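Both complexes below contain chain A, partnered by chain B and then by chain C.
And now, the complex of A and B:
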């Protein structure tokens, strides 16, 4: 039995949320909540087992229905996949717990549960996909459920933001699909394992890659294509904001990394990776400055996402050279995705608690929050440590590796960007956190409709995620090891 | 895990666990919080002392160690002689300060937050003391940076928030410089463990002199802010808006000495002989010498009592840096001994500042006329500590200055004698007027007959700790020749640091 489950793990992590989603829809709000929680709890051991199995046995392959490539659908799990599934599962659990308190039993939000479970399953399917067409399908599933979730409240601003988000998402997907079609036409396969062997740096190959890159960059909201992100992420209901910033943007980033570092590595040309790195650096600086200038907490957190996405893109120039620098950049980039997922979801959940309880999220009106809502203030502050990249947080380990990689590769300017970005993050984090310790302002009266303290589940879900991000910098070594399991040839040259 | 290793781990983790419990107990349960806090501090002291015993027995190659894998270096703890000296200071003074703070904060708000972050700071300081390598050191160092912030801004006034911003403006960029320096050094040499006599390969001085000098500069930028080296000292006087226990334990002991302690680790146990060879320690000594004079001169001009103490701290910290930077075992012993001596004396002075402010609402030196009548024990303790810092025997400060002076001749840096001389005169010039005012000026009428009949001169939870720390400062000087006094301990350490 145990043996059988172990072999079915890749399918199970996808199946559990995908089964729960229609059930939650059919059974309505009351049961939907319970089904979501059961699915979330059930996913934990599965994701952990998956990671453990990958560490023990290396890359896993699972042929859906026993067909196998090139005809059937293959699920492939390496260290990168397992890490992404694990972080999605952990963040997912706490977002679910938070949402139980946030949405309560209100009938008008009944679609949250099936949509969220569907999004969750799609993310897992995306991370596990072994071919670039399936990646497209999953990307679309992720985008569509995410767009629906943004518009969930049916408020005007939310609908406008959702519409803008949808247009960006569809455009991005189209670009990506065009690239997939070109690749299939030129090389006769969409399976990534096959493509790795046959892909060539000819005009078609380059054009395909260029199209896919533009589409994915748009979906990941890399500067200057980030315009859709702040309104969508800040106007969504807070549990949705958390999922979007923490996980959804990492879906398209995941594909981008797969394409460039794993599949098309033979045709990689340094120019593109430098461009991605420069855009990432600009995103860090620009996003942080914009974050600092915001008047509303959720907007600040959303712009912080724009900035933090920038760090992910430093991975590309730093892996290009191969060797130890590439391995360090690989670990740093992915570890950053993980710690940012934990910390950013914590931040959005904390901001959501503030918004739900006090009826506003004006930054000027949050003075004295550490007295009125100590747990939430603490969660936001601790998550801020990861944004700044200070120890002992996971963000620190990520930045440590990035600084290492840039000194190793002799391109010290990336290190300068990383350090500057950390200081700018400190500026916007402390702009919010500083007044928490200040005198109380009148704006912190409980809003009429939500009188009384927030459900403890909401406050503690944010705190647990923030603490998770915080201690990742000390206990994160197993995760770093996992990231390196069956890593792409370019970065697997040396392991520390 | 052996008994000593367990003690080492407990010494570092106990304050953090205490902090978590304090946060969990919340604002209302004062008695439980105080109980947990005192128990945690007592446990920490017991663990630190046990680890110190093991370090003394095991020196120099059988120190207790513990750690887990992290990056290529590891998250490692080690109880060595230098580390346990700082850890014992921080632990013991934490226990005393806790009693003081319970008294001082009894009417303040947000006590759970205060005591919680206070414990985090102490845990970080002890972690800094017991770190086995630069990565671990850096992790605790930055944790300390962040955990201090809520304490600086504790009162929540605009002035406090401004002081907090100033603090961060210095501390965070310093952290960035330190991070780059540590990563770079690790890349150049492989994982950097602390080792008596220096851990760098001497060959590097010829192969990579430029990089080593640049890394040293980055590290000193990072550490110099907490060590209040000129011109990185500006945050310290601004941070005096913090409540008195914070100024006493953190801004006279834990935080600032984390900086000088880090400098000692880098100079003695990373660079070792490469420091003088590259000329970087000589430069450091000059900066420290200048800071001594500069801090003392600035202290002269301060009427605000805590600010005067703060500038005095700026100067006194550089005694330690100077001692460490002079390549002589005797000077190093003087510097390290001063780490302990200054801790006991300066914490007494800040305790005094808090007790006086709470009891008679006097904040300025010019308001101290006749204060000795009103608060005799307090001002006696203060006077003893002040005399010690000036360097009058037999109080502890004399011992460290004596060692520093001899050491500077030993190191061939005679100019240090002049710095020490001028500084002592200046110390006297800014402390003796306070003593004179307190004891020899005519008191305000209501102070003339001492404390009200049958009442103590203040909250005994504050008076007793400051008397104890003053006594410790005196004892460190009187018994300087005994085996486990800081002075002899420092000489033993200095002996190990100079195999070259």
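And now, the complex of A and C:
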């Protein structure tokens, strides 16, 4: 049995949530919650086992149904994949626990459970995909379930935000698919392992990668194509906001990294990584300023996501030169994705607790929150430490790696952007957290509909995630080692 | 000009036409249709690529991709239409911005 599980591990990681999703739909509200929780708990040992196996044995390949390429679908697991599956699983568990309290047994939110499980399974499938066409299918699965979750409350703003998100998401997928078509036409394969050998930077190759990059940049909401993100992420129910900001945007980012660092040789496409880096830098500055100017807490957190996505894209220019700088940039970029996932989900969950309890999330009406909801105020503050990148948080380690990479590669200006972004993050975090621990304002009355303290599961789920992001900086070394397992040739040349 | 080139050109043109309509038309039905036209363009390119190999039998893999793509497009179109209908019921307009309210009223009834 143990051996069988070990061999089927890549498939099981995908199958558990995908089996739970239709069950949660068919069995209705009461059971949906329980099935989601069981699936979330089952996924934990599977994701950990997957990471351990990858560390022991290196890259895993699994032929679904025993077909093998080129007709079958292969699942591939390397360090990058294992890290993304692991963070999805951990964040997923706490979001599930939070949602149990947030949605309760209310009939009108019964579709949350199957949709969330579909989204979860699709994310795992995306990270495990070994070919670029299967990635397209997974992208669409992720988008469809995410859009449905945004519109779950059926409020006007939520529906319009969902529609805007959907149009952007489908358009992004089409750009990507057109690129896939051109790649297959020119190089005769969609398998990433094969493409690694054959992709050239001729006209077709450049056109294909350009189309795919535009589509994925739109789906990752990189400045200036981020217009759909703030309304969608802030109008969604808070557990959904947490998943969207923490995990869903990382899905399309994951494909971009695969394409540019793993499949294509970035040296052969000069300029692209610089453009991505410049857009990322602009996102950091512009998103932080916008976050500072928001009046509503969830909008502030959503614009903070726009800014933090920018850091992810600094990976591209820093990795291009190869050598030690590339290895540091690789670790820093992916580590940032992980620590941001933990901290941002904590922030959105905390904001959701505030919204559910007090009936509003106007920032100027939240003074003195620490006295009424100390755990939630604490969770938000601790998550803010990671956003700012202060030691010992995960955000600090990530930014430290990026700064190291930019000095090693001689391109110090990226380091300047990282430092400036940290200061701007401090500005918008303190704008909220300062009043939290200050004088109480009159607006802070429990909303009459469901007055009283929130369920302890909601408050503690946010706090645990925030603490997780914080201690990631202290216990992060195993994670950094995992990120480097079977890393792409460009970054694996030198290991620390 | 080979058959593949022709299909690729026509497909790209359809893709761009859909893209243009998506950006300029405010009505949600138009936007959903525009995305459908764009996806047809992508499928055209794929069908053309299948003929790239010589001989009497075309390459089946792009055909399988088109089939998968059609399934995805049908589902997402159905979902987008349901969402558009719901937006019309809730807001009385079938556009994303309140400024485009007239368009919604004239076409939504």
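Structure notes:
Everything that follows uses one rule, which is that the second predicted complex is superposed on the first by the 493 of 496 C-alpha atoms of A that agree within 3 Å, B and C clash if a C-alpha of one lies under 4 Å from a C-alpha of the other, contacts with A are read in each partner's own complex, and residues count from 1 in each chain.
Heads up, the rule we're going with is that a contact is a pair of C-beta atoms (placed from the backbone, for glycine too) under 8 Å apart; a residue touches a chain by one contact, two chains touch by 3 or more.
These numbers come from a predicted model, not from an experiment.
Of the two partner chains placed around the shared chain by superposition, neither chain B nor chain C is touched by A:344. By the touch criterion defined above, A:163 reaches chain C but does not reach chain B.
Looking at the shared chain after the overlay, A:474 reaches chain B, while chain C stays out of its contact range. For chain A, the partner touching the most residues, choosing from chain B and chain C, is B. When the two complexes are overlaid on their common chain A, residue A:174 makes contact with chain C while staying clear of chain B.
Once the two complexes are overlaid on the shared chain, A:124 sits clear of chain B and of chain C alike. Only residues 4, 8, 15, 19, 22, 28, 31, 35, 38-39, 41-42, 45-46, 49, 52, 61-62, 65, 68-69, 72, 75-76, 79-80, 83-84, 86-87, 90-91, 96 of chain C touch chain A when the two sit together in their complex.
Chain contact summary for the complex, chain A toward chain B: residues 368, 370-371, 374, 378, 385, 388, 390-392, 396-397, 399-401, 403-404, 407-408, 415, 419, 422-423, 426, 430, 434-435, 437-439, 473-477, 480, 496. Put simply, chain A touches chain C in their complex at residues 70-71, 133, 137, 140, 144, 147-148, 151, 154, 156, 159-160, 162-164, 166-167, 170-171, 174, 177-178, 180-182, 184-185, 190. Within the complex formed with chain A, the chain B residues making contact are 23, 26, 68-72, 75, 109-110, 112-113, 138-140, 142-143, 145-146, 149-150, 153-154, 156-158, 160-161, 164-165, 168, 172-173, 175-176, 179-180, 183-184, 186-187.
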